[in-house]
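As written, the chains take the letters A, B, C and D, and residue 1 is the first residue of each chain.
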Amino acid sequence: MKTEGQIRIPSGCAIAAVISKEGKKMSGEAITNSMRPMHDRSNGLGGGFAGYGIYPDYKEFYALHMFFDDRTTRKETETFLKERFEIVKSEIIPTRKMPAITNEPLIWRYFVAPLKSVLDRMQLDEREFVARTVMKINSEMKGAFVFSSGKNMGAFKAVGFPEDVGEFYRLEEYEGYSWTAHGRYPTNTPGWWGGAHPFTLLDYSIVHNGEISSYDANRRYIEMFGYKCTLQTDTEVITYIMDYLIRVQGLSPRDAANVIAAPFWETIDKTSDPAEKERLMYLRKVFPSLLITGPFSIVFGYKGGLMALNDRLKLRSMVVGEKDDMTYIASEEAAIRVMEPNVDKIWAPAGGEPVIINVKDGVSL
Amino acid sequence: MKRGNAMEKYVIIGNGVAAAACIEGIRSVDSEGSITVVSQEKHHVYCRPLISYLLEGKTDKERMLYRPADFYEKNGCSVLYGKTAVKIDKDAKKVSLDDGQVIDYTKLCVATGSSPFVPPFTGLDTVEKKCSFMTLDDADTLAAAVNSESKVLIVGAGLIGLKCAEGIQDRVGSITVCDLADRVLSSILDAQSAGLVQSHLESKGVSFLLSDSVERFDVNKAYMKSGKEVDFDVLVLAIGVRANIGLVKDAGGETNRGIVINDNMQTSLADIYAVGDCAEGNDISFGQRRVLALLPNAYFQGQCAGVNMAGGEKVFDKAIPMNSIGFFGFHMMTAGSSFKPEDGGQVYEEIDEKHIKKLFYRNDTLTGFMLVGETCRAGIYTAMIREKTPLSSVNFDMLKETPTSAAFSQETRRKMFGGVV
Amino acid sequence: MKRVYVKEEWCLGCHLCEYNCAFANSGQKDMITALKGKPIYPRIHVEGDEKITYAVSCRHCTDPMCIKSCIAGAISKVDGVVKVDQNKCVGCLTCVLVCPYGALAPSESGIMQKCELCLENTCGSPACVKGCPNRAIVYEER
Amino acid sequence: MSVEYIFPEFEVIRKPERCIACRVCERQCSNEVHVFDPATGVMISDEAKCVDCQRCVSLCPTHALKIVKNESTFRENANWQNDTIKEVYKQANSGGVLLSSMGNPKPFPVYWDKILINASQVTNPPIDPLREPMETSVFLGKKPEKIKFDENGKIKCELTPQIELSMPVMFSAMSYGSISYNAHASLARAATELGILYNTGEGGLHEDFYCYGPNTIVQVASGRFGVHENYLNAGAAVEIKMGQGAKPGIGGHLPGTKIVGDVSRTRMIPEGSDAISPAPHHDIYSIEDLRQLVFSLKEATEYKKPVIVKVAAVHNIAAIASGIARSGADIIAIDGFRGGTGAAPTRIRDNVGIPIELALAAVDQRLREEGIRGNVSLVVGGSIRCASDVVKAIALGADACYIATAAVLALGCHLCRTCQTGKCNWGIATQRPDLVKRLNPEIGTERLVNLLTAWKHEIKELMGGMGINSIEALRGNRLMLRGIGLNSKELEILGISHAGE
């Protein structure tokens, strides 16, 4: 039987997210609990979380979260890392033993900074260097997998139901200003720890519910720019696309949303503001191969913000709620109610219309 | 644009095709004015040339009605059947009838047609069975007079005489046609064409005595000038016709062989119009006034007069002589006029055993034609005569071969068939 | 009023219109039964020379000469269509003599027949138009 | 020649009980196969002249005719087959190169027919094109590598010239001369109505068709016929024709008999002179020369028109395409070996080049591997026969397809493959005025518009089935394809899995 990475696995899912515009910290408990009412949207083959602002003490360092199949692989990988990075701290990620989570790999994290000499030699900027290193490990080093690589943020994921995964990783012990969560329902695979969501690169994370029909068009295009889609999942390719559009091309999250969920030509034609029309048309003409079709609802996490986005036809459910400085996003309203029973405003964003929430300017992250 | 004028009193003397056309002309403009028709014959309007077809069995009295039975009713006409107008009082605007009745008119149309011309033959009164061949009543008389043994003598080899011969050929024993002229249909055909027609008729059993005339009759025998004697049972007199111009002439109107009319069909008398076989208008192919006793002209003139009487404006200035005649399925058509070479006339001819084609032209226009045996699309020639189409604007060589619009310019054809305005 | 118009630049001179016309007015269900082994008497005919060809049929004139000239009163215009009452026609061909388009020709019996736009035969709309392979004859409102 | 070695290829079967001797067949056959015998009143046929173009069959109002393959046969021989033997006889007769037309008819594999398309079930909804928007528009042209921003951080919306198509199909090059004025008029009008482009081919652009310029690709080929400044600027794009799928490596030859009147004027060569396009462009002996021509044309058109480079699919097509993608060209058109032609040497047509499916897959993959796929758009032709071929081509990686054979079929072509005789009974591949008029562009336009409208509907249905609502998301989406009955090498080249995998 082919496993994740050898074959493309369609899956249905649950997603949830929360952010404080004031940058207030909250523990991972609420987001863990939010997944409980959506239990049936997962099948126990994958769950995960991403928290932003959780490593304030190491916020200048890239936090590499890694799975290893065995100790040897870990040692080899560490040797490789040391050639490229200064490792300021390495440790096992604390977990809680529980019957619902089994077969765990070795789970480590490293706080690292690229070696200046290596950067100079390779003539790369730091983020590009880190991204390439992650790509190299994930595609070339068997048994090793980087599942989180941003600064002051981290992904936590496992095979299991998401609420169990949250408990497993002791998320109540972390404090972040934004959180995303994912429960997975893959349809034809035993599931793999690395294949769980969120999928991340640098500080970009994606939780996604859907099955995109444009996958191979997107994949074959994005792979031209050094990305390697080893997992063959939607989430992976969407993450790379967002990285490419935002980090590499310098677009804003909104621009990126207008690329991957570009308005229909008809809608663009009807856009009354000529500058806006020109921008939309331009983005669509320049990045046709990054248009994502088929059902998806995603929450894209990045430093200081979240963006929720549905496909153009809104083929997957997604609601957004607000209360004071908090914004909640979830596949189902029930999940939002768990986090905030007295939510002020709740709505379902239209297909293709990004909902972007940024932590206020001036708040230190 | 139709309008009503209840004050108008239209009177039409005559009840032939020209009269019917006059009614339709009036009603195309005025739906209200009264129309009175004075009909000498006691019949609903019919077309006189049909009487030979009636005898031949190609039509019957019901089918030969020129217009549907409710024609007068629908057009709001009162018809005075069996009445003859005897006098027009142009000043008082009244018409007196033979029964003493006097009717007022505001506009009068004289459509009195023509009458057979019968010369004073010696001994004609001794002939028991004799008739003319003009009217439905004549046809009835003739039909009653003949049987399958009858020997019929027709005096006159013109249109009427020959159509009569065709009409009764199946009903009688023998037919002899005599004429002073040296050929049949002398008014419209030349010797060659006439010969072709004559031999066709002879092949159907009609005998001819041409260049000969009756000196005297004696009961059932005609003594010819040539000395020949012709036995007959029934005599048909088809020598010719004369326009009925008396009413207008007596009222002081200008007459010639017919009642003189202008292109609006007006006589020289105010509010009096004349149309059909009694009228004499312009023949544009010849450039002179002529009595054109032809059906299409009767209709065109009648309709034109009707429109003008009702206050509309219409001109009919395209009159030309034209005839389409067939005997026993053998057709010929003629139209327009021919001119002598010394007057600039030219002719194109094609002649073989069964066909004759002659095209007459002068000064870059087709002036007339004569087609015997082959008459396809002759209307194209007719239109060229009527419209005086310059021959230099068409492919005349092609037209000589056959009448076809292919000889016209593409632009003309586009207008004709392509709906291009 | 819809009428038949001819675009001579597209006429191929294939004469199919004549056969389709003859068939449509034959009253037969099958073209072979209708036309095989017989001369045809179509109400449309192709004219022209080596360079151009075009089909001619009744133009249904606004002011038709044929109606005025018919000695039997057999031709009339009904709802814009010039029709001949074959029951009344005696075959004198005066209409042929006056038609400026050369559009009229008699039937096999010598009685006139003419294009009546197939409105009353089984075809329902002009068979010549339907069957024209190159849209050289069209039936249009203009 | 006293003995005719070759029996007539076809038999004309006339059912006497159906024939009404209307003589349509006689009047419509430019090969003069049918003749009416007035003595007997029946039609007779000279079968030796028949090319099986089906004109008479199509026009016979009583369906009295059929054309069948002559059953006469040489003694069976798996090695020396009938056609092979006949070709020997023909060459022994004439001493000449065998000529044929239209595309390669030999039984080479048609990979389109060995590729199957995916559809959504359960995990991902199919999209109903009747209810939801389904986008088929594409823009052809170079995409910028890096987005530029102004001093305020706003995107600078600058793009090199692009071609907009309402659907990913264009009419490929067929010259005025090889096809008729009316065929060109039909293509031009249909392209305009459809919002796509047609291609002048190497015959210049008739003055009547300048009005269709926004929907025209003007071609520059090795003969440079009809090329002048106004011509280059008249169209929406300029295409340099380096080769043609039906005859890679050789030029063209339009016989002087077709160079008459407007054709000669449009080509800017004297009437009656043969139009010979050399095999190479004599100013392009290598890739750097091509680059010069690309930029010469861009200079001449003030950088307002995208430049297409059209090449035949040959063995090292991937490397050639890579070179072209770096030459400044905006679009590469690749023509597969089954592409049609107005005339080609039979041996070349039937033996040179490779299938477009393999060429496309190889080129798309190669350009992606080199990271330069965005430099150019890819247009493929050479026997795109139907909507599913288009969908498969797009999924393999093409931006758009070129069709020509399908287009002339829509115009009435019956693939008799005798275009070279100039006696096309359907008014397409001929300059004889009486034959040209048989193609009424009003009908031709309508039929082309119908064809592509139907294809568009089918493309939308297929896309909807895959859950894709915009053609961009199909491009290069090879996961949507599976091979059937292909060996692993073929699958590897096509970059697709086998059905069931």
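We adopt the following convention: contacts are C-beta pairs under 8 Å (C-beta built on N, C-alpha and C of every residue); 3 or more make two chains touch, one makes a residue touch a chain.
For clarity, every value in this text was computed on a predicted model and none was experimentally measured.
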item: Between chain A and chain C, the fewest steps along chains that touch one another; value: 2
item: Pair joined by more contacting C-beta pairs (B-C or C-D); value: B-C
item: Chain at the geometric heart of the assembly (C-alpha centres); value: D
item: Centroid-based (C-alpha) most distant chain relative to chain D; value: B
item: Whole-Å gap between the CA centroids of chain B and chain C; value: 28
item: Cα-centroid distance, chain B relative to chain D, in whole angstrom; value: 69
item: Chain C-chain D separation of Cα centroids, rounded to whole Å; value: 43
item: Interchain centroid distance [CA atoms averaged], chain A/chain B, Å; value: 104
item: Per-residue overlap in chain B, given as positions that touch at least 2 other chains; value: none
item: Multi-partner residues of chain C (each touching 2 or more other chains); value: none
item: All pairs of touching chains, each written as two labels joined by a dash; value: A-D, B-C, C-D
item: Chain C contact footprint on chain D (complex, rising order); value: 17-20, 22-24, 27-28, 58-59, 61-62, 434, 437-440, 442-443
item: Chain D-touching residues of chain A, taken from the complex the two chains share; value: 8, 10-12, 187, 210-218, 220-221, 223-225, 249-251, 255, 262, 264-266, 278-279, 281-283, 285-289, 291-295, 312-313, 315
item: Complex contacts: residues of chain C adjacent to chain D; value: 9-16, 19-20, 23, 31-32, 35-37, 131, 133-136
item: Complex contacts: residues of chain C adjacent to chain B; value: 3, 5-8, 47-49, 52, 54, 56, 59, 65, 68-69, 71-73, 87-88, 90-102, 104-105, 110, 140, 142
item: Chain B residues within the chain C interface of the complex; value: 17, 21, 47, 49-50, 53, 58-59, 63-67, 295-296, 299-300, 303, 322-326, 329, 331, 333, 335, 375-380, 382-383, 386-387, 398, 403-406, 410, 413-414, 416-419
